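We just call them A, B, C, D and E in the order they show up, numbering each chain from 1.
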Amino acid sequence: MPLITPDDLRKQLGADLPGAVASVHPVVEGLPAFLETGDLLIEADFLPRVAVYVRDVLGYTYLSDIVAVDYLDYQLFELVYRFYHLEGGRDLVIKVRVPRDNPSVPSLTPFWPGADLNEREAFDLFGITFTGHPYLKRIYMWDELDGHPMRKDFPKQGDKYLGDES
Amino acid sequence: MNIPIERGKVVTVARGQSTSVAGFSLSKGLGVVFRHWRRAWFEKQHQNVPATASESAPNAGNDKSKPTAFVTLEDMSKSYGTFTVEYPEQRIKLPEAYRNMPVLLYDDETGHELCTSCFQCQRICPPQVIHMTQAKDPASGKPVPSVAEFIIEYDACMSCGFCAEVCPFDAIKMDHEFELSTHDHPSLTVYKRDLNRPVSYYESIAPGFWAEARERAYKKLATNMKRRPGAIGIAPHLTEKITAAQAQAAQAAAAQAPAAKAPAKKAAAPRAADTAAAPTDKEAKLAAIRARNAAQKGGSAPAAGTAADAPLPTDKEAKLAAIRARNAAKKGGSTPAAETSAEESPPTDDKAARLAAIRARNAAKKGDATPSEESDQPAAETPPANDKAARLAAIRARNAAQKATEAAEQAADSATSTPEAPASSSEEGKPLDEKAARLAEIRARNAARKKGDQE
Amino acid sequence: MELLIQIIFVLISTLILGAAVMVVRTRNVIHSALWLIASFFGIGALYLLLEAEFLAIAQVLIYVGAISVLILFAIMLTHNVTSGEGHKFYQRWWLALLVSLMLFAVILVPTLVGQDWTITARPSEESAIAGAVEMGTAFMREYLLPFEIAAVLLLVALTGAIVIAYEERAQRRRILTLAQELALRKQQQQNHAEE
Amino acid sequence: MADVINHVLNTMLGLNAPEWLIIFISNSIAVTLIFAIAPLQMLFMTYFERRAIARMQDRLGPNRVGPKGIFQPVADGVKMFTKEDIVPTAADKMVHLLAPCVVAAPVMFMFAVIPWGPGMYAVDLDTGLLFFFAISSVSAVGLMMAGWASYNKFALLGAMRAVAQMVSYEVPALISIAVIVMLTNSMSIVSIIEAQSGLFISQVDVAGIPDLGLGWFIFSPVGLLGFICFFIAALAEGERTPFDIPEADSEIVAGYMTEYSGMKFALFFLAQYLLNFLLCAITVITFFGGWQGPGISWLWSMAVSEANPAGNPIFNVLAGILGTFYFLAKTYFFFFVMIWIRGAFPRLRVDQLMGFGWKFVIPLTIVNIFSASLWIGWIRWELNPDLAFLSALGEPYSFARWGFAFVATLVMNVAAYTLMTRINRSPDETIDELVADQVFGAVTLR
Amino acid sequence: MKAEGTMIKTEELQINIGPQHPSTHGVFRMLVTVDGETIVDLKPVFGYLHRNHEQIAEVNTYLQNMPYTDRLDYFNSMANNQAYAMAVEKLAEIEVPERAEYIRVIMVELTRILNHASALGFLINDMGAWQTPLAFGMREREKILDLFESTSGARLMCNYFRFGGVVRDLPPDFVPRLQSLLTGLPTFIDEFERMLRENEILRIRSEGIGVLPKEVAISYSVTGPVLRGSGIPYDIRKAEPYSIYDRFDFDVPIGTVGDVYDRFLVRIEEMRQSKRILEQALKQLPDAEGGHINPKARQNIRPPVGDAYTRIESPKGELGFYLVSDGGQTPYRYKVRAPSFINLTPLSDMCRGYKVADVVVILGSIDIVMGEVDR
């Protein structure tokens, strides 16, 4: 079972793709420190190259899941990419952080057609635009909705319907 | 890519051979269907067992269902013969664990409802469909451990069974009645009057579960009944009958000395007699507790503190405590309102936590002077109103204290309070985040100081 | 019995003529096709009246069963034929009527004049070729040659239709499935690799 | 039917009614009988189908309406009557109304030709069989009208498919029936049934054994292959699984019946079920001896008929009852086979269905005609001086000739069947075929 | 016949299959552009059953989410419960006693049999067999649902798993009834296979239809029987053994071509393997005092700060839960990796070039449940 721990993955990537590994977010006083789970952090625009590197060099050919998490306090979105090796073993996690106002990440769909629906869902529920995605449209909501339901600042209750000012 | 597989091998499914003459395998398929057709005429998967009395009227609670002809028993190994159950006439015997909609239980003899409106089920219910208000003692306006109005919105309830699991008094149980379709939608908001079921009914549908819960339920009911003045806790439709019975029992019992009545451990019939006397000593007990708290506020350790670890107080001691409480109340004056009205409005999570912390502190001060950790399990699990809960809080406080002292040493040496608190998710719970961690340090420090000056 | 037959004959012929006229008059092409089928039925009934059973049933089988279905298919498959905007009479419709009557007269008059109206129907010597058995033997004996020529003609028509259909299929846009596309792309890479 | 009534009126009651009155009465009785029996048949068949297929799926089937669910079809009928009859606004009203009639009417015609028992037939056309298939092709026109009139994309698609299927499966049906006509050299249904009397060995009456009425055509290899092809064509004609493409609900919603509701929808159902009944009846008549069975000919010999007008009418009734019993038993057995097939097989795709029809069934029927002609040649042709070798087999209709013909045609038919199944197993276009084929040029690689 | 002639202009037709359609397994719509009878393009349309399950999960406490996971893939509520329970146990580091692990494995393997029996029934039903194979499949499903009802209290919405074990122990008559079910099971599977495996009509309708070649299968990140049907032996119970799956020996069936027929055969073989696992689990089941739940594990918990992702081999593929906890009682972020949802990505590519009648069969072979797709 091939297993790569995040640390030596970070060293290997640092060697092969300079500039890809992003610095860990400084601990901001007074804010919850739950961002630090020791996983690999990647600069947004290095993502396609890192993904191809992971697939071809390390052999993690199976992209299982793309999760978008909204950290309101830190004003940023975190995208968690999870890869698996077909011979089994633990996952390989790559995280990308983008600012909350007009977040955009290069799409993985050209390399993994499987990423298509996950990215459309992240776009629909969080508003993260994936540049290079062939058919980036809302997947659940109707197209005219101007708002992204899963964001932390999306109004949960309230009688006033989003968008109508009356 | 060759993927290694332990304890098993990779099997490639064999695609059908193309040698067989066309039409032969089609006839194999026909053969299978014909065998099913032939055997469907005389084999049945469900045997009809004439329904015995209890089974045939499982949902006799409401008179809608007509008695069934038979109940079917299923033979799982059969894979031929008809498996239809002709529903109204035949019914499958519902298993004990079957859960459809929650219902409230009341004791048959005394008519007292088991529910003490501790709001546990309202808080745990995922779709938030349970609503209740606590009963008030008409005379003194104080809250009484019984429920005034209990509403469940049957149309939104998803019968997940959490309320039945969480209820500490076994007052709410999942019913077996599934024929609930009605024409008018409002009738699906069911009030307490329609929710009540006698305990004997629940015993008939889930004998195993009730056997386990019986002991615990009745012990708690006994204590609660003592603290319910007048006919408050009695199931609505039984109130007239019970109060009438109480009236004559009261005159008969008036002659004997109050002490002769032993606290009814089991729901024995005579208990109905002493309910008349119950309201008086209930106020006494309430007053006693209030007095004690007031006394602690005042700083003097009243003699009543020893009453805390006495066995279940008999009425006599309760009356003594009442007298002491009355004069302490006059001296103490302000009793912390927050303490008793804890259950007034349904607390949100953090308010409950804070309340629990205060209660734990008082109990701890009373037991022995070590601060207790903020216990996660909200102590409101058993209402502090009576002594037993206080004793429990004390015990918890004591072993919480040792934990706190260890946490204090650790907190002292590790500079940043990294989240990897001691792995064991034991009772006292880990310091959750910086704020919680800092609180723990302060408490640990003064715990260490107090232990120091005690030796 | 004679009177009964006369009445039935008049009824059937009015049905046939009426349907034929309606074929021309209705706006909607489908309706005219349906009227055509009605007139075929009428002709079938006429044959039955003449006790030519096999002919009547053959008429129904061939004309109503096959040819009319063919016509309906053709109409439905061609585009915007059934818009039915209707065709008005031309201004000088009477000239067209006159010419058609003249042509009709050229055929009809000689037969009507030459006909000897006095003879009553004589019982014919040998049995008319009406029954299926006689028709079958006639095909195999006296009319063998026309029968074979007709068979060849039909065969030619059949193969012609298949050829046309095949050509059209070749020009139709082919949509490749995922597996075929991958195989083709691999094939192409191999070809490039070889060059 | 006419002679019985003539016997009853004239000889029994003594009033000498004119010829045409007797014909008129007998015909009107026959017609009323048909119009009474047909819908009842349909009602019973729906009930029979639902109970049978339920048992195949280990369930009970309708058993609530009436004892054992007998009145369920009546309940369905009432439901169909009371259902509102919706006509889409854009539909062509007249054609929409006329379509179910044009589909249902021919089915009623076909009943005229079916003999229920010895002497019990409405009319004995001497081209009865051809009449049966000619009229059945008229309902194809009705389907086209329904599909076109309901102005609905799915309905048009369904109608096209249905008509294409019916027309393309009429060819094998007629050819496989032509084989039987060749064997009995007459198209009249009554004579076909009479030809199937005698013992197992068709047309060879062994002396000494009474006429058991078991000389069915199915017992000859020609008949067997004819039966297989005809039954497949009947399944396709009656739109039964595995050929129920037109109203394949999994793809287009309900085929040409999409825009129909209420009584018109019921009329379509009536037409379909009666067509299934009649196709089973024709299968039974042509291959399983219609009302032939042991005891019929003995009863019929004593009944009133042209042969002996002095017979006793009671035997007419008895023979009729026994004949009808045999006929209905066989027909309902075949309808059960249709239901059985419906319970066991998935459905064919449209193009596979057409391919199966033109590449498998029709070639088989043509081979069958060839082997039938051999069969007749060997058994029936009298000695021909230059066919000297035939004389070695003995005189016409002899057992030896029959045996030789049986073996020869059996070998030929079985060989044809296995050859056909082997040929049709060609896999899809392989890749190199695709590359070589010029079609590839028309492909744009994405 | 050189084909360079002008292309015959055939007008493309747009057909809507769904959302209300007899064989789209729920409210799922496919916008199919058709040229003649063959399919040119297919656009799946989701969202008709979307209820923002993840937003609800962020408002509920960890325990209150448990009954909601039943509603994800409402065919396999036990599998969803196990995935969610394992995710929370990993987050809050709660151990699960031996007997509870065995009860969980028994329940999930029973759900696998139930799911495959009805999925195959629906697939054959889409091909046109009038509900007979479905009725045989439903019969087995009813027996299993009765077992679930006697243990968890409900047939479909079981809500049986808790953090650290299961709600209550198995009822006394569970093991004998399960043993009698397992004796009846082989006859069902063998009969199902005998009836349909070499059935000519089924093979014509399914061989070479909806082919997902082996090379591209993994790039569509499909999982479960769809991936194994294409010939890649990737089963999470073997690749990354979770809970106690490393104590059972069972095989991983794979197909060769990756068409509807292979997926059909793979599911039949998987039912047999599940039966093997069940037999071994019943033999090794520790007796009652092993404890059906970890007594120390409390239910309304506050897991420490951090995130956790666990995945199980649910009957439809890899079902994963990603939880982020901020130390409070409610999850900060709750994401479900639904197998049906991701298995739908290759649908439009798989259907291209086939006939309209095949779309329904291909969709049936992927076996989706809309509760999980739309969440």
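Please note the rule applied: a contact is a pair of C-beta atoms (placed from the backbone, for glycine too) under 8 Å apart; a residue touches a chain by one contact, two chains touch by 3 or more.
On a predicted model such as this, the values are computed, not experimentally measured, just so you know.
Hopping across touching chains, the smallest step count from chain B to chain C is 2. Any chain touching chain A that also touches chain E appears here: B.
Distance from chain E peaks, on a Cα-centroid basis, for C. The chain pair B-E and the chain pair D-E differ in C-beta contact count, and the higher one is B-E.
Comparing each chain's Cα centroid with the centroid of every protein Cα atom identifies chain E as the most central.
Chain B and chain D have centres, each the mean of its CA atoms, that are 72 Å apart.
Chain centres here are Cα means. That of chain A falls 66 Å from that of chain D.
Mean C-alpha position of chain C lies 27 Å from that of chain D. Looking at chain C, residues 170-173, 176, 180 sit in touch with two or more other chains.
Residue positions of chain B touching 2 or more other chains: 1, 3, 22-23, 26, 29, 32-33, 36, 45, 83, 419, 433.
Contacts with at least two other chains are made by residues 32-33, 86-88 of chain A.
Chains that are in contact with each other form these pairs: A-B, A-E, B-D, B-E, C-D, C-E, D-E. Chain contact summary for the complex, chain C toward chain E: residues 167-168, 170-173, 175-180, 182.
Within the complex formed with chain A, the chain E residues making contact are 46-47, 50, 52, 54-55, 59, 216, 218-223, 232, 234, 238-240, 305-307, 309, 311, 318, 320, 322, 324-327, 332-333, 335, 337, 341-342, 344-346, 349, 374.
Across the complex, chain E meets chain B through its residues 60, 63-68, 92-94, 132, 136, 139-140, 142-143, 146, 149-154, 157, 159, 167-168, 171, 177-178, 180-181, 183-185, 187-188, 191, 194-201, 203, 207, 231-234, 238-239, 246, 248-257, 261-262, 265-266, 268-269, 296-298, 300-302, 304-306, 327, 329. Listing the residues of chain E that touch chain D in their complex gives 1-4, 7, 13, 15, 22-23, 37, 124-132, 135-136, 139, 195, 199, 201-202, 204-205, 208, 355-358, 360. Interface of chain B with chain D (complex): residues 18, 21-23, 26, 29-30, 32-34, 36-37, 40-41, 45, 80-84, 86.
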